[in-house]
Amino acid sequence: MFKSLVSKLNPVQLSCGFHTTACMNEVRLLSRLRVVDNSEIGKRAMAEGKPPKVICVYNKKHVGYIGDRVLVAIKGQKKKGILVGMKQKQSVKVPKFDSNNVVLIDDNGTPLGNRIHVPIPTILRTILKEKTHSKGADYTKLLAIATRFV
Amino acid sequence: MVTGSLNLLRNSFNKLRIDHIFSRSFQTPRYRPPYWYEPKERVPSEEFITQENKQFIEEVMQDKLQQQASLHSPLVNIDSSKAAEWNPQTRRVGLIARKIGNYPLWTKDGKKVLTTLLQVVDNHVIRYIPPEEFSPMVTKKYVWKEKNKLGCLLVGSETIDPSTVTKEYCGLFNNAGMLPKRHLFRFMVSPESYIPPGTPLQATHFRVGDYIDVRAKTMDRGFQGVIKRWGFKGMPASHGVTKTHRRPGNIGSGGEKARVWPGTKMPGHMGNRWRILRGVKILRINTKHNVIWTLGVAIPGETGAMCYLFDTILPLKKHTTSPAFPTQPFVEDLPLEYYDESVQPFEEQSITFEEN
Amino acid sequence: MRRQILCLSTKITHNSCTKALPLTRFLSTQEAIDRRYHLFTLEKKRQLDKVGRVEKIEVQYKGVPNDCTLVMNKGISTPYDCARHLSEWHMDTSALALLDGTVYWDMHRPLTENCTLELQNFRVPEPQQVNRAFWRTCSFMLGACATVAFKDTVPVKLHSFPGPDIRSGSFIYDVQLPTLDDWKPSQQELITLGAEYVKLVRQNEPLERLEVSEELALEMFVENEHKTKQIPSIARNHGKVTLYKVGKHVDISKGPMISTTKQIGRVAVVSVHNLNGSNSEVEHLYRFQGVALPTGVIINHFAFSILTDRAKKLNTVRSPVPKTLEHEDSESIAMKA
Amino acid sequence: MNQADVSKLVSKLRINVLPKHRNLNNPKGPEGRIDKLRKTVTGLIKFERIELNYNRADEARQYAERLISEAIRHGDCHKPTMDTANFWLLEKELIHKLFKVLVPRYEATNLSYTRLISAPQQQYGRHTDKAVLELRGNPFPDLMNYKTNNKLLIQNVLLDAAKQDYKQSKINEIANNIGKKGNSSLDKSSKNIEVPEKPTES
Amino acid sequence: MALAIRRSTSEVFGAAKWFIRRDCRALSTLPEKAVEVPVEKKRDRPVVSRIRANARNPNLALRHVYPEFLPDPNPKWRNSLREKLERTDMLNRRKQIDIPEFYVGSILAVTVADPHAQGKTNRFVGICIERKGAGLRAEFTLRNVVDHQGVEVRYDLYDPTVHSIQVLRLEKRLDDKLLYLRDALPEYSTFPFDMDPEILPDGTPVPVNPVQVKLKPRPWLERWERQELQGVSNIEEHLKEKDRVRRELRKEPWEKYDLMKQYRKTIPIEDQNDIWAEVNHQLKQLQLTRKKVSRKRTFGVPKTQLG
């Protein structure tokens, strides 16, 4: 057993094998998120250890970025949410968080909860304002329930 | 006796009448180097010269260099009223520059932009060939006839040790009274933007905010497969795929098309080709070191590669007002740096944003 | 033939004011060269025939690849023949022979007695004598070049050349061009002269040496009044005059000279100066100047241009005042320098 | 762009260093490469002149140069340097030679410590580029036969004469210039004298 | 032997070489050179090795404080003029704001102009976990835990939107990079935003904080056990036998002796001396002016507090 392990881990084989770069931590299909507002469904899902799973990212690239709308499967339901903090590498002056954070919203852009208990990036303010159109959903309500910006 | 026979012959020739003249069609050679071209490389050989004599040769060379440096630009003497006016159709001379690296600048709204630094090293006009005399090599069957023919302006950059190149090559520079240069390039210019040989060209030939075209050789990447060369996707790593993970796959169909179509993307040599990047914006100019900062990092070639700068031909980015014409004469007290208005100079205070 | 006679007759009519000169003075340059060459070959043949029965001498060769002893013919074999026994490299590169460690001997001069032999090329540790022989040969060749280069209508009279002084920067030949008054060669003419020189060099002729009696020498140079004036003073010591021949050109020189013309490499005829200002006795005297390097020596064109620039200046080694002892004197002076 | 490593200080090598190392094909990977080079460096320090493949010679040369420069910089009382020397020199008596023979030999020199000369190639058949790697100041006869300092060669005689002539002409020119300047200043002064006269005329 | 090292001229040097070689004859496998050079009188002036003299330059200590002034060592990207222009730009920026001396492990407060924020400025406090990049690309990363959420922000050192960089606590840690704080317990990277700056008295060396953090149980972001970290205490607790075996297999003990690898990563002393000679004077000037200004401020501050 041990011998076979050693022979498998021979550095010669490894050196020409697979790459070992750090993972990208991207938000894409089926990645798990952390709900950071105090909506009932979100709180229960996190408490049960069944965090929501992304089933659609509403942009062309299918890779989520700060302020992107996602569809998540949470406790057997489909809910929409907005990404408010990312784990992947960010550009200069944009904060990078230790987890991928999401705030659940309904179709009109109104958050399901009434408080966000983690800091959210200031750049979100501009992004959400840009995404809000007069006739569509109003996402800026989310900013109103934020407690802290970094 | 002899003269008599000669006379006979002459008379008989006189009676001949010439009706038709045939001439054999003459084909110009396919490859003909430009006539200012001279072989440059010299085979170095052991010369058995003592150290003192080498120093002496070096000293003579330095003296010549000094002599060259003390040459005044002939452009100063030109009367500005006599010189032709610039109009959007005229073509000015360009510059030979060396790419010396990239570094970031910040714009006034706090954005970081990467720039490429181009150093204009020791550029001098070597020779002018007016349009009537200029007959370039014919490489294509059908030659585009230009309405207003252009003259050819030969520009050299970077003085080198004359003993490293051939005598013929050095002879090209004798007219301008220069030591030989490492790089020679021909710029097609309209006749009114003629510059007398011996004129130094500075980075201030262009202005900040102008757009330029940059011609350079791309990085040499050697023989590459289709994934790197053409961005093919390759084939899956698993699922029964054997020995064909990075291969191009099918390259054509059968029937009448059962051959490789011209232009099919295949593996081959990648890079080391001349490419032109058009419409590059100039953000900053240093007049002391003759350095130009251009927006973006897409200028072909690695650090230290040579590139040629022209006024852009993109219709929307062309000059609208007259640039320095025919070139910027040498002036003593220019400001050290020119910045585009979008760029934040490092000497200024930190950026603050106003509440709307 | 008819044309030559015509030419001669026109010359006679042209020079009719100087009646006193005999007819032989009016040989054309080419005819004079042919005549001299003919006399030289006759004399050489006569001297070779005089050797008679072949005697053997032992020549001890020193140098690369190894020392050896060669048995040669007395009075017939030359150092060049010894080199032919060794290798092609020896034939091509050796310019002078050093006999017994003291006597510098021409490569094409027959050996007369037992001796040791060292072959000298241009890279030997002490190349002074080889360099001097080279410089002397260059001057000699410049004379040959000057006689060939002009048209038939321009008579050329060689005057003399001083001993080799390398430090002066150029080799010289003084030539009288009686019909040209204040001639200044253009750049193109200088290049043509240089091309003629190179043509001569390319012929790869050996430089042959011959010692002749004073009378014969006078007979050979009968049409050249400068040489006829100089010959008695040269012959005063030994009664003999040393002549050198390359191709068809024969001239007086003390020697020694290098082996063949091929050993002259890069060469440039740089300038021609008019010496009339300094000398009143010889009219229309021109000083031809050039600079050259041996075949094996390659220096870059920039360094060579420094040398040519310097050689353009008038070389004032010795103004050609017809002193009697010129050859010996000037050489000794040059040696001291 | 990466930051330079500041934890260590190294002195500059006097040879050309390629931007990237050569892998020197080896089944044992980087460890095998270093092992190979250790043998070569040991051989170089021991025999002072060795002949081998060019690529390997060039790599080994860099390591040898670094080893000697470290030894010169730190001397033999520096523990890490001693460790390095111990690692690179497989025969332990050579460590003594490195610090006691080579360090004094190269301490005041301005040149590189080694020389790499490409060896003549095999005429027929497949060949790899060979090279001779040697320490400078070795006791063997010189490989390159430079005779550049013979002043008596004809080109040197000519150039030397030209040099003297050039210097003489320069001195003359300067002397002339001084004379001219004196004259011109005189002229100027005379002009200055003339200038005030004009208003009086007007 | 020691005497021989102290000679200067080349002839004496040759003699010394012979002298030494004679002594080491047993060690050397070389044929002895036959020439005997008479040993001249010793001179008092010692041989000053150029290499050693260069290494003694006091300016070299600046490389720890201002590592971004050294260019990238990759020779493909180096160009003396570009580096020079870059340095002048950096100095110009340093004249505008005070970029203090700080290290990985120091706690910083950075105020930037932020067009997205409410008051158009944004302040962040955190521990510096990484410093990288050369020249104007130099950047550093701050990490903090806010509301039980780990946050990291990357800043460009020479960004003109940066209004101030304040060092709250100047110290070093045991490692060059503190990326393992991402996997450590949150209390090790929690710092209050209203922290008071701790001022070190002048002339004291920068203290090294010997704290060893505790890692959370696996999974981790990286294989910390292979990196020979000093600042982690409980790494062995979380390892299985197979990890230890892999760690042993992946060890590269020869790396330490790969002299050329080190050389390719660093800027040689001779090059550094040129750079520091160029920059040093201006940096000193800047420091002096800053000191004057700060002294004025310290006199001014108590009044406002009293008021």
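Going by the order they are written in, the chains are A, B, C, D and E; count residues from 1 in each one.
Convention: contacts are C-beta pairs under 8 Å (C-beta built on N, C-alpha and C of every residue); 3 or more make two chains touch, one makes a residue touch a chain.
Everything numeric in this text was worked out from a predicted model, so none of it was measured.
Participant: Which is the least count of steps on a path of touching chains running from chain B to chain C?
Facilitator: 1
Participant: Smallest number of touch links from chain C to reach chain E?
Facilitator: 2
Participant: Looking at contacts between chains, which pair has the highest count of C-beta pairs?
Facilitator: Among the chain pairs, D-E has the highest number of C-beta contacts.
Participant: What's the farthest chain from chain D if centres are computed as the mean of the Cα atoms?
Facilitator: A
Participant: Per-chain C-alpha centres versus the global one: which chain is nearest?
Facilitator: Central by C-alpha mean position: chain D.
Participant: Return the chain whose centre of C-alpha atoms lies at maximal distance from the corresponding centre of chain E.
Facilitator: Between chain E and the rest, the longest centre separation is with C.
Participant: Can you check how far apart chain A and chain B are, centre to centre, with Cα atoms defining each centre and the answer in Å?
Facilitator: About 51 Å, centre to centre.
Participant: Calculate how many whole Å lie between the centre of chain A and the centre of chain D, each centre taken as the average of the chain's C-alpha atoms.
Facilitator: Whole-Å distance between the two chain centres: 58.
Participant: Please tell me the distance, in whole Å, between the geometric centres of chain A and chain C computed from their C-alpha atoms.
Facilitator: That pair's centroid distance is 99 Å.
Participant: If you average the Cα atoms of chain B and of chain D to get two centres, how far apart are those centres in Å?
Facilitator: 35
Participant: If you look at chain A, which of its residues touch at least two other chains?
Facilitator: Within chain A, residues 11, 92 contact more than one other chain.
Participant: I need the residues of chain D touching at least two other chains; which ones are they?
Facilitator: Counting only residues that touch two or more other chains, chain D contributes 147, 150, 153, 155, 159-160, 162, 166.
Participant: Which residue numbers or ranges of chain E touch two or more of the other chains?
Facilitator: As it turns out, chain E has residues touching two or more other chains at 76-77, 114-115, 135, 137, 156, 159, 161.
Participant: Please give the residue numbers of chain E that touch chain B in the complex, ascending.
Facilitator: Counting only chain E, the residues touching chain B are 76-79, 81-82, 85-86, 89-90, 92-93, 95-97, 113-115, 119-121, 135-137, 156, 158-163.
Participant: Note which residues of chain D are touching chain B in the complex, please.
Facilitator: Interface residues on the chain D side: 147-151, 153, 155-156, 159-160, 162-163, 166.
Participant: State the interface residues of chain A toward chain E in the complex, per the touch definition above.
Facilitator: For chain A paired with chain E, touching residues are 2, 5-6, 9-11, 22, 36, 85, 90-99, 101, 117-119, 122-126, 147-150.
Participant: Going by the contact rule at the top, pick out the chain D residues touching chain E in the complex.
Facilitator: Against chain E, the touching part of chain D is residues 1-13, 17, 19, 21, 30-31, 34, 46-48, 59, 62-63, 66-67, 69-70, 72-73, 83-84, 87-88, 93-94, 96-97, 100-101, 103-105, 107-108, 110, 137-139.
Participant: Chain E touches which residues of chain B in the complex?
Facilitator: 100-101, 103-104, 106, 109-110, 112, 117, 119, 286, 289, 291, 302-304, 344-355
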